[in-house]
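By written order: A, B and C. Residues from 1 in each chain.
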Amino acid sequence: MSDTADGITESLFEAPPMAEQERMVEAILFATAEPQSKLQIENRMPHGSDAAEALQHLRKRYEGRGVNVVRVGDGWAIRTAPDLGFLMQKETKEVRKLSRAAIETLAIIAYHQPVTRSEIEEIRGVSVSSGTIDMLLELEWIRLGRRRMTPGRPVTFIVTQNFLDHFGLESARDLPGVRELRDAGLLDNRPPPGAHHLNDADEEEAEDVGAEDQEDMFS
Amino acid sequence: MSEDVADDFLAEDQTDGFDSTAERIRAEALVVDVEGYEGPLDLLLTLARTQKVDLRKISVLALAEQYLKFVEKAKRLRIELAADYLVMAAWLAFLKSRLLLPPDPSDEGPSGAELAAHLAFQLERLGAMRRSAARLMARDQLGRDFFVRGIPEDVSIKRRVNYKATILDLMQAYARLRTKDSFEPLHMRERDAVFTMEQALERMKALLGHAIEWGDLTQFLPEGWLKDPAQRRSATASTFAASLELVKAGRLEIRQYDTFAPIQVRSKG
Amino acid sequence: MSDTADGITESLFEAPPMAEQERMVEAILFATAEPQSKLQIENRMPHGSDAAEALQHLRKRYEGRGVNVVRVGDGWAIRTAPDLGFLMQKETKEVRKLSRAAIETLAIIAYHQPVTRSEIEEIRGVSVSSGTIDMLLELEWIRLGRRRMTPGRPVTFIVTQNFLDHFGLESARDLPGVRELRDAGLLDNRPPPGAHHLNDADEEEAEDVGAEDQEDMFS
């Protein structure tokens, strides 16, 4: 306190030299938590100081430097030079496996599209969290299809071109059927005799429907 | 007390400490502080200063006498001295006798001169640390004389998660589902007969306000779910479960007078 | 994001010019309140950069300015010039008043580090309250050093980077008057002759028991 008082008293007689004023503005802009207006800066400086001029000098001094003196609203602040923004970011890449719920939901959508949420739940036998759907939407692997023309007009989900690209498919119809999966040894559980036949038929029907709609979608 | 540790740095009033740390310091200070001295060494250092000589040329003998006098005076004034002061007094009395009496050749251990030299060293060292502490505190300090960046731009850590899924994962997932299907087929129609717990809870919550009197649980069953036995079963089960949930939440009371007697509920509070 | 990736890939072949590296260090130091080690800085810069050299250039550039590049232990930071503190009344933090015991204990730790509690007590001639030690630990001005390899393996205390930062010290070697004290032998750990020795042994024995108990507890 007394320091400032002294400073002010002294400076009643003479403002500090411009180089000194520039130093002051530099320190103020560095240490304050918010951008400072010309007036705010001047109020901190010894009497008779010219913050505007000091700011101009300082601004010039920092031109092309790693940080710049910039206008923020009606205040001034020191900020990282725009081209060095990348230094302030650290990117961590993480490869994560898709959760079982997500991959199953995705598989159902791929095989049965367009498919409503309650149909997905029907097939999975458990409810599907909206988090799972949101994630697949965010990944841009699924998107909304046409509304189903049934009571409540539920939304349907379909797979996207991104999905096809990611999984290296020309179209969703290229996905192998259950019988092919079994032949390829991808089905570890052997269903009871007789049961699977019916199933396959069901599925093929479903696929057919899907395929038709799909042609609509991608054409 | 003429100390060159600037008194500015002393907490004049330690009662403004709010935490247990300050509390503890205060409690200990009561024992240690004898008339403002922090222990016998501090007292000795102050006494030494009255000799107005370089600490290295101090007369330890004179100092010992001064200290013993101080202790005696304190005793006369019935000031209760902490044990350290008395221990130091005893030791100084011993030192004094060693310094005054001719050395006994049969006596092992350090000579009076050695002991005196060490005491002088201790005093000099303490004095030096006092001065250093004052010089340290007189330095420019962060947050008082110089400052850190006011608007730090923190490094933003962007975590990019790449989800890994192969066509194989996809096919296996589907295969798993279809295989499960073949074991326990589920059909839309069967699901029609399920009145879920969530639905029941929703319904019960809506009806809660009306259940002022004890009423049969069955009257809470949803309309249109009573004819088909499967539907009725499901609705009854979920409504009962929902009731228990509400009882747990303290919003409902439930009772049954006898085995298989009707279950009755009423809202609570 | 892709900027960074590109930057890194490019720089595998060539580090950016020194002027550019200096800009980067400038941006990094301006952006953070905590001192950054050479390694921390280098890790954020393109591959092949020489933070040490860039730091030297930067330090020189800011000599005599309103803010300075300062060394704090093994870190670097930008701080306002101490003579401009009077401009920062609003930023001034109420410094907790330290008791005389705390100040002396702190000084003893700084000048004698690594130092054990019983050594501090030996110097001050009174016992050191754990409250005092706790407070200095809380302020993050001191921390535990390595255990002393003497009977009882007592813990030692040393000062922290925060301590250096707070008092504007490059290292503990820059403590005021440290050389004179050393030359005068006042920083020596001079064992007391005879009588005291016995005392110390007692103490060490007592401490020993404590240490054993502790080991028991943590094993």
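The working rule: contacts are C-beta pairs under 8 Å (C-beta built on N, C-alpha and C of every residue); 3 or more make two chains touch, one makes a residue touch a chain.
What you see is a predicted model; the values in this text were computed from it and never measured.
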Dominant interface by contact count, named by its two chains: B-C
Label of the chain whose CA centroid is most distant from the centroid of chain B: A
Centre-to-centre distance between chain C and chain A (centres being mean Cα positions), rounded to whole Å: 40
Rounded Å distance between chain A and chain B, as computed from the means of their C-alpha atoms: 37
Intercentroid distance (Cα basis), chain C paired with chain B, Å: 24
Set of chain B residues in contact with two or more other chains: 147-150, 153-155, 158, 160
Per-residue overlap in chain C, given as positions that touch at least 2 other chains: 1, 30-31, 44, 78, 80-81, 84-85, 88, 91
Chain C to chain A touching residues, read off their complex: 1, 3-4, 7, 22-28, 30-31, 44-45, 64-67, 78, 80-81, 84-91
Chain B residues touching chain A - in the complex, by the definition given at the top: 147-151, 153-184, 186, 188, 191
Of chain B, residues touching chain C in the complex: 5, 9-12, 14, 20-25, 28-29, 32, 38-42, 44, 84, 91, 109-110, 114-115, 118, 121-122, 124-126, 128-133, 135-137, 139-150, 152-155, 158, 160
Residues of chain C touching chain B in the complex: 1, 30-33, 44, 77-82, 84-85, 88, 91-93, 95, 97-104, 106-108, 110-111, 122-127, 129-132, 134-135, 138, 165-169, 175-177, 181, 184, 186, 190, 192-196
